[in-house]
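In the two complexes below, subunit A is the common chain; its partner is subunit B in one and subunit C in the other.
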Partner chain A sequence: MRILRLTWAVAVNSFSESVRHRFFTLFSVFAFTAIYASVLAGVMAVDQEARVLTDFGLALMELTALAFAIFNAASVLPKEAETKTIYLVFSRPVPRGVYLAGKLAGSLLTSALMLAVMGAMHLLLLKVRGFGVPPCYGWALAGSMLKLCVITSFAFFVSLFSTSAVSTMVISGVVWTAGHFASETRFLADQSAGVKSAGLKAAMWLIPNLQLFNARDLSGAACSIAPPAFLSAAAWVGGSYLAALWLISKKEF
Partner chain B sequence: MSTNAVSFTGVEKTYRRPGLLRAAYNTAVKDLSFEIRAGEVTGLLGLNGAGKTTIMKLLTGLLFPTAGRVRVFGHAPSEGAAKGKVGFLPELPYFPPQVKPGEALSYYGRLSGLSGAGLALAVREAIERTGLEPHAGKRVSEFSKGMLQRLGLAQALLHRPELLVLDEPVSGLDPLAIHDIRGLLAGLNAEGRTVFLSSHSISEVEKLADRVLIMVKGRLAATVDRARWEAAPGGLEAIFVEAVR
Partner chain C sequence: MARSALPLAALLAWAVGAAVSNSCYRSPFPPPSEIRTPVAGAAGDMFSLAFGLRRLFADVWFIRLMQYYGTPEFCEHEEEEPSAHAHHHCGINGEGKYPQFLARSRHVVEIDPGFRMAALYGAGSLAFNMGRPAEARELLVYALKYSPREWKYLNVLAAIGYSKAEDPAAVAALIAPILKDPDCPVMLKQQAAFLNKKIGNYSAAAAIYADIAATSRDLAYVRNAERELEKLLRKPPARPGRG
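Now for the complex of A and B:
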């Protein structure tokens, strides 16, 4: 119970600091502008306006939330160490694992809020253009959120050993991009042999398969994300958390 | 029950800085042994780089000793049982500029295990004790250095710790703020709390401390009791200068 209370205290503090950060406002303004700009793309698509407006908006929302999530995850722990705020936390009876879990939860809550606000704006825009809620919309947002969970926890882990927030953002961005080419990587691994095949197969284990979370690509007739995708997300979040915990428990401040 | 609040036994701390070809090592404190008696005010003096902040961090579990043993009320500093009894004020504490003192203190109070009415009372008391009441409605961004230092002290006092570890508590403060903080620390010590403070200001340490540890290049050069420096010609300053030269 005490552990849960402490985790919640750190998470709420982290969430409120992130939301109050000027970058949150900047990203929100950018997201609104970008989503609104998708109206233009929709109009140009003529009879496919609803589909283009939906797909374009969802993609912009995911990219904006991703950029903020990576920025936030890459800077939150180094900033606390740099400002010595972490001294005031770790000189108290707060287990390092609890602090890490709280910070991660706070970052994910912020991402969820950002995604929810952008989703509401997007749906409002669709309504203004005379369209209803697109099929699989909720699952598409859930898929984006699962991707954010995976990449945020990975960025937390990287931030504990990388030399700067920028390098954490670059590494996380590369992993996010590579994660969308899992099926292509598998195809190349099957087609090649020797060291090249072994390297590609290793990359498939070391990089999360983010294509699993593209609900609108996968759905077909049924709107859902398959249970293995949830398991994969849980494994990546859990694995990244444990690796980050191992690093932070040895870290001196 | 231990009568020593703190004990260092043969402690060494070496920092390792990884390099391209090989790591560089820097020993900050070496073969360090001392005790801080419960209820005492102990000062820590030394030039820059003498190892004062390293000692403070070892004491609060922020650093781990390379060799030797540190104990706080009989526990390792990383244990919750030790941390629950320690209040730490780092040098130049930072608080998010957009929060008010009550918000910042509530957060740190929760991390110290306080909640509900107990938390509200502890926050109110800490604000009153540190003289922050007239500024309670301001945001941290409006605070002067002295007010920030008071807020730093307030967060260290929240959970009524038995040991206060203060790194440069009067650094950069104006004379009135120094006077107030000195009075506050004397009051806390009169309540039975142990105070361990580092400072560059010999006169401040002289006014507050019962005993002073003088660090020179990572080693304990001298331990001086109040009676000794009061009897010495030139006081604590003369003893310090002699030790560090």
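Now for the complex of A and C:
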């Protein structure tokens, strides 16, 4: 109970810091502007305006939230170490695992809030244009959130051994891209043989399959996210958390 | 948990995550070997795969397809005319040649096989506007590969068969159920209205034109529907089935 209370306290602190951060405001303004710009593309699509508006909006929301989440995850721990805030926290009876879990939860809460705010703006925009809530909208947002959970926890892990926030962002960006290539990687692994095939199959085990959560790109009944996807996301987040905990426990604060 | 066990636990968790995703994920999309970019735009296709933005880039390709089809072609014999003023547009009603139409519409389906409206629009335009039923069939057969239970594709395929046999009543009957579907392109509605008019089923044609005028956001189709409705309202009622 005490551990949960401590984690919650760190998470709330991290969350309020992120929300106060000027980048959050900047990203919100950017998202709103970008979504508004998508109206222009929607007009070009004539009878497919609803679909185009939905797709542009969802994609921009995800990319904006991703940029914020990676930036936040890459800078939060190094910044706390640089400003010596972390020493103050660890001088109190706060276990490192609790601190890390709190920071991660705070970061994920910020991403969730960001998606919720942008989602509300987007739905309002659709309503103004005369459209209702698109089918599978909730699943699309849930899928984006799962992807953000996986990549944020991974960025936390990378930030503990990378030399700068930029390199963390680059590595996380590469994993994000490779994670969407899962089906293409499988196809290439099946088509090739020998070392090449083994290498590609190894990549499938090392890189999270982000297509599994990509409900945004699916339509009809297929757009719902199956329970194994939640399990997979939880396992990737848990793995990154444990790896980050291992690194942070080795550091001297 | 002992510190030394943490990396092992992390690897185990990642392995579980990978095993679950590898076992339950089956891609609903065409493999990369089937993706053929018809014109400049390979970078866009790359982004669509790299960022999981297939739907968005399929939308972009669809807009490009409509722009391509919406750009009137000049008649070959008139292009040889010395005076530029002698040119006139051949494809004003969508009848032009548009040699890249099949490749472009197939590419939309390659990127997003769930974009049913694009497949119906492409097949309808090819078969009924441009008189290329073989290409329309090719597009629908490809689309059916990824949506094998899609009855609208099957209906349009059958309608293409009847249109070749010059049986407008059968074509209209096959298209009729698709008209109520949100995926139905306005071009197909217009085709159905035209066929109903041709066979003398004016009330059905008027109902379709009224639907186009009320629901479409394409001003060209809306204006045409309004014009046709006016004409039909002036006509005396006729019995369906008379060509």
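Structural remarks
In this text, the second predicted complex is superposed on the first by the 246 of 253 C-alpha atoms of A that agree within 3 Å, B and C clash if a C-alpha of one lies under 4 Å from a C-alpha of the other, contacts with A are read in each partner's own complex, and residues count from 1 in each chain.
Keep in mind that, in the parts below, a residue touches a chain if its C-beta (ideal position, glycine included) is under 8 Å from a C-beta of that chain, and two chains touch if they have at least 3 such contacts.
Everything numeric here is computed off the predicted structure, so don't read it as measured data.
When the shared chain is aligned, subunit C comes close enough to touch A:L63, but subunit B does not. Contact with subunit C, but none with subunit B, is seen for A:L212 once the two complexes are overlaid on the shared chain.
Contacts of A:T33 after superposition on the shared chain: neither subunit B nor subunit C is touched. Looking at the shared chain after the overlay, A:E49 reaches subunit C, while subunit B stays out of its contact range. Of the two partner chains, neither subunit B nor subunit C is touched by A:T25. Taking subunit A as the reference, the larger set of touched residues comes from C, when subunit B and subunit C are compared. Applying the stated contact rule after C-alpha superposition, one finds that A:S164 touches neither subunit B nor subunit C.
Touch criterion met: A:E17 reaches subunit B, while subunit C stays clear of it. Common to the subunit B and subunit C interfaces on subunit A is no residue. By the touch criterion stated above, subunit C contacts subunit A in their complex at residues 3, 6-7, 9-18, 20-25, 27-29, 31-33, 49-56, 59, 62-63, 66-67, 112, 114-115, 117, 185-186, 216-218.
Interface of subunit A with subunit C (complex): residues 41, 44-49, 51-52, 55-56, 59, 63, 176-177, 180-184, 186-188, 191, 204-206, 208-212, 214, 216-220, 222, 226, 228-229, 231-236, 238-240, 242-243, 245-246, 249-250. Only residues 2, 5-6, 9-10, 13, 17, 20, 83-85, 87-95, 252-253 of subunit A touch subunit B when the two sit together in their complex.
Contacts from subunit B toward subunit A in the complex involve residues 57, 60-64, 80, 83-84, 86, 88, 90, 92-96, 98, 107-108, 110-113, 115, 155, 159, 165.
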